[in-house]
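Consider the two complexes below, in which chain A is the common component and chain B and chain C are the respective partners.
Our next item is the complex of A and B:
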């Protein structure tokens, strides 16, 4: 992770943003990210992102929960310590359905939230660079990645031509760091590069 | 693009007034960023006082034992379990609004879901207090967990409904908390990015987990919300079903009925919606959010109240029918003598329940009543009184006359510490709610923005032109645009 160079443009209407995203991809530029204040359905498809597999992970956690509950209760009540409740069978599966169900849900929910936080690199005290503070308010921010071959001026005028406003070059940290926002002590920042 | 998210004019706008995205942020963040009003302080201090009295009551009970409560030989469960079931039931509305209505694609949930989810969490916290402190030797409370112990290890009884309750309530609390907080992350990020004061930057900076609003993150966030909603839906039904098993699996006349699970779930939604109404009618006024929590929201929730209230009413009648149809003397005695007979010692409580839960909500068949805030507020209180009495009736009238008539003379009234404990949970609930409404956005900002172009007032007006347009022309124009 390091500080990289980006070109950003602001959009204020989805109707402008969607065609812009398509044109950027057709124009051969690499979209680093589009930041939006709320989920916009179809934007991920327009950007060419693949579907998330979070559901699959959730399913795996769920069956882990089911197996844990059934396995543990079976072992505890039929192998480890058998207790005779009014002559009922030790293996009383119907009576275990409630706990099995609860553990299935619990494992799936906790597992999925942790996976979500891991994939998105979210945790308390984690800090990430923002390209525009208004992107959590009312602004859609389209960020292009710059490489050595990118012609900055050309990219900027292209972004302007497709509706981007306040187009500018920004140097930003791509990873996360710990600390405070008001004290910019970035963990990965290379001072020389950031001074551009 | 906005044309694609077209919604019929028949539906009233969910967000009133001429709003854009920034205005939504401003409106919902304003109460969080402003200094708390005098009204907020008064409410908060009263809540804390209630909480303090509750802590005193519980302390007395822990020091001197459950003998400080007036539970007696036949009435082993009194106010404590009544209050437990009551609070758990209230919690259910939050999950219903946030999960089931999400699956049903009900756009109106966005105005009220955040506050309702918070209410769920606080209500479950209150509910959990009762079985825990009822244990008496509360320092041994961890015995309910299946951990490897030195007594064998002797495992807990996995076949017992009381243990199912432990799992159900703790799972419910955990999942609700995760659902609520994962939904809050984007809104906390909004507050963080608006913050000017140092402590706000630090507080919301930590709380927002470094959320940026990247499209990939939103994609995962949507997937997570949908699956959590899918999990919460059967979960919420299971929780009150399991609570009802505490009674239904026993052989006590009045408890031993198969109708309990659906009847409890309907009652839970009924009382929960009433509590949501109580809170939101006040919240929207005090925080100036009338354009987001509109009369239409109140109207829709009142429809749910009259529906669930009537389901509960049918359940009451079914119980009476089944008691008669069973031709079992004990069943008949429990229902027709101990409950229905107004002259029996607790007959009055049955009729309070009937009046508040079944008869009074019927006024919500009239739109004029559903959209009247004073009536709604009054009714929401009445419903919760009624639902409290439902649990009281189920618990106390079933056990106060057992099979030994010599034990019948004891009439159960709570002591000051039992009442104080109940008051204390009100304190806990409202202290949490006041803090929540001060430090967190009470409306899901991102979700409101998401529906704004479909259901907002100003966007609906623009749609008038489209409404008159020919369908074929409209479709062709859309096809050309893309």
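Our next item is the complex of A and C:
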């Protein structure tokens, strides 16, 4: 877990945010993330994020579900315990379709939820730093990643010049940790270490 | 960006349309000479069945375009607004195709051939317990009245919706007027949907198609027919959208809109399969002879080849090919799939119409395909004419911006 330096700026309007994102990318800065209280259409494209692979994962889970259902029912009803249902053949595929469908959906749904939680690092007791509480309320927070070579003052004035307000330098834990926001003090100690 | 509002029908487009119509007419004449004029009632039924299959299929497909408009209007959707005029133009075929279809249906009903509609034979019905029980619904008078009323109502309400859409082309609306306009649209769309649900989604497929197998019945039949025609209708709208895009019209429609049309095609292909299978599985499971007669020739008998082809075209291909996001945003893939879906559901209608009276051998499908080409030409001509009559963009519609900035 590393503590890293970031520069954050608040934006109050999508019409300012979109050109700002473009200018930041053109200016050669690396965007860590843009935090918004609600999804903004087209922002992912403007930020140049790649499409998520969650769908591919979902497809694989679904195929697994289909295979599990068909495989298990076939084994159970044709090999392990043959039962004659109203003179139907033991391999009675139409009757199994509903179960196959349900298992496909179940595997895909559960698998995708868990994968989503893993990708977003969401779980009970898992915490992450956030940069500005107002990103859950009414402003968009654009966060730039800094390296050793970044000139703080230059980056801050750049962010201000493209419409960012309340521009700050922040030191944050980039990974997740177990604990509570109000009781946990460890991360602030680390921040002090990294500051000098 | 300049917007080319007025569509001019290219000469070649109309030449192709008329050529197809001539092919269709020649096929009908040929089919009449070889089958329709024969003494044998089954050969006659083969001729009328071909007309029935094609006219009903293409009528329901073009009518699905108006359903698409009304359903999205009722949901206060905005995304379809940039190409809404295309769907309107497709639905403008309803009066003409409807008249043709109505004439064919009435000719079959009153024409004296009882092979297609057994219940029109009064002598036979007297001795047939099931048919005499159903006579309150399946009789010539009710059939004719329903057919005429339905086609007139679809045409009138569709005309009203199109007129509402055109009425604001020359005058921008202020906020109050916009609210009133949207409300008016919503009310008329709701009226159309009610008529639609009482016809396509319930009674009309029972009368026009299910009554070919008059002893058999299924309450899901109409829903399944609706799913079939709706997915083909969306495919038809998509084809015209792609065609206009290729000719540098519809500047505001882009791959975001295409993506949503692709989603519709994907979703309703699966929906159709779901309904077909739900209808099949219960009957297969219960295994009652008077119910299984419907599926025996279609899924296991001489028509099973067409059934499996249809299963691949209408279910497996859309499911696997249209699943990826990239495929739904690719003009070539979507065009190919739209053509495939329209053909696949035409096969589905073939399966609905022919096994009921052509029990000994599968009729040669090339004849029916020729007739289908005639209808395709007619729809091309009528849609092209409707497109050129009004601007391609409903530019004063209050929701137009939603469509311009649409993002999936």
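Following the convention adopted for this analysis, the second predicted complex is superposed on the first by the 185 of 196 C-alpha atoms of A that agree within 3 Å, B and C clash if a C-alpha of one lies under 4 Å from a C-alpha of the other, contacts with A are read in each partner's own complex, and residues count from 1 in each chain.
Everything that follows uses one rule, which is that a contact is a pair of C-beta atoms (placed from the backbone, for glycine too) under 8 Å apart; a residue touches a chain by one contact, two chains touch by 3 or more.
This one's a predicted model, so the numbers in the text were calculated from it and none came from an experiment.
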* Pick one for A:95: touches chain B only (first), chain C only (second), both, or neither. => both
* Asked: Where does A:153 make contact in the superposed view: on chain B (first), on chain C (second), on both, or on neither?
  -> neither
* Could you say whether A:52 touches chain B, chain C, both of them, or neither, answering first, second, both or neither? => first
* To do: Look at the residues of chain A and decide whether chain B or chain C touches more of them.
  => B
* To do: Look at A:83 in the shared chain and tell me whether it touches chain B only, chain C only, both, or neither; answer first, second, both or neither.
  => first
* Asked: Residue overlap on chain A between the chain B contact set and the chain C contact set?
  -> 51, 55, 88, 95, 98
* Complex interface listing, chain A residues touching chain B -> 14-15, 18, 33-40, 43-44, 47, 49, 51-52, 54-55, 58, 72-73, 76-77, 80-81, 83, 85, 88, 92, 95-96, 98-99, 101-103, 105-106, 108-110, 112-113, 116-117, 119-128, 130, 133-138, 176, 180-182
* To do: Under the touch definition given earlier, write down the residues of chain C that touch chain A in their complex.
  => 277, 280-281, 284-285, 287, 323, 325, 405, 407
* To do: Write out the stretch or stretches of chain A touching chain C in their complex.
  => 41-42, 51, 55, 59, 86-88, 94-95, 97-98
* To do: Note which residues of chain B are touching chain A in the complex, please.
  => 1-2, 20-22, 25, 146, 152-155, 157-159, 161, 163-164, 167-168, 171, 174-175, 178-179, 182, 185-186, 189-190, 192-194, 198, 201-202, 205-207, 209-224, 227-228, 231-232, 234-235, 238, 242, 245, 445-447, 449-450, 453
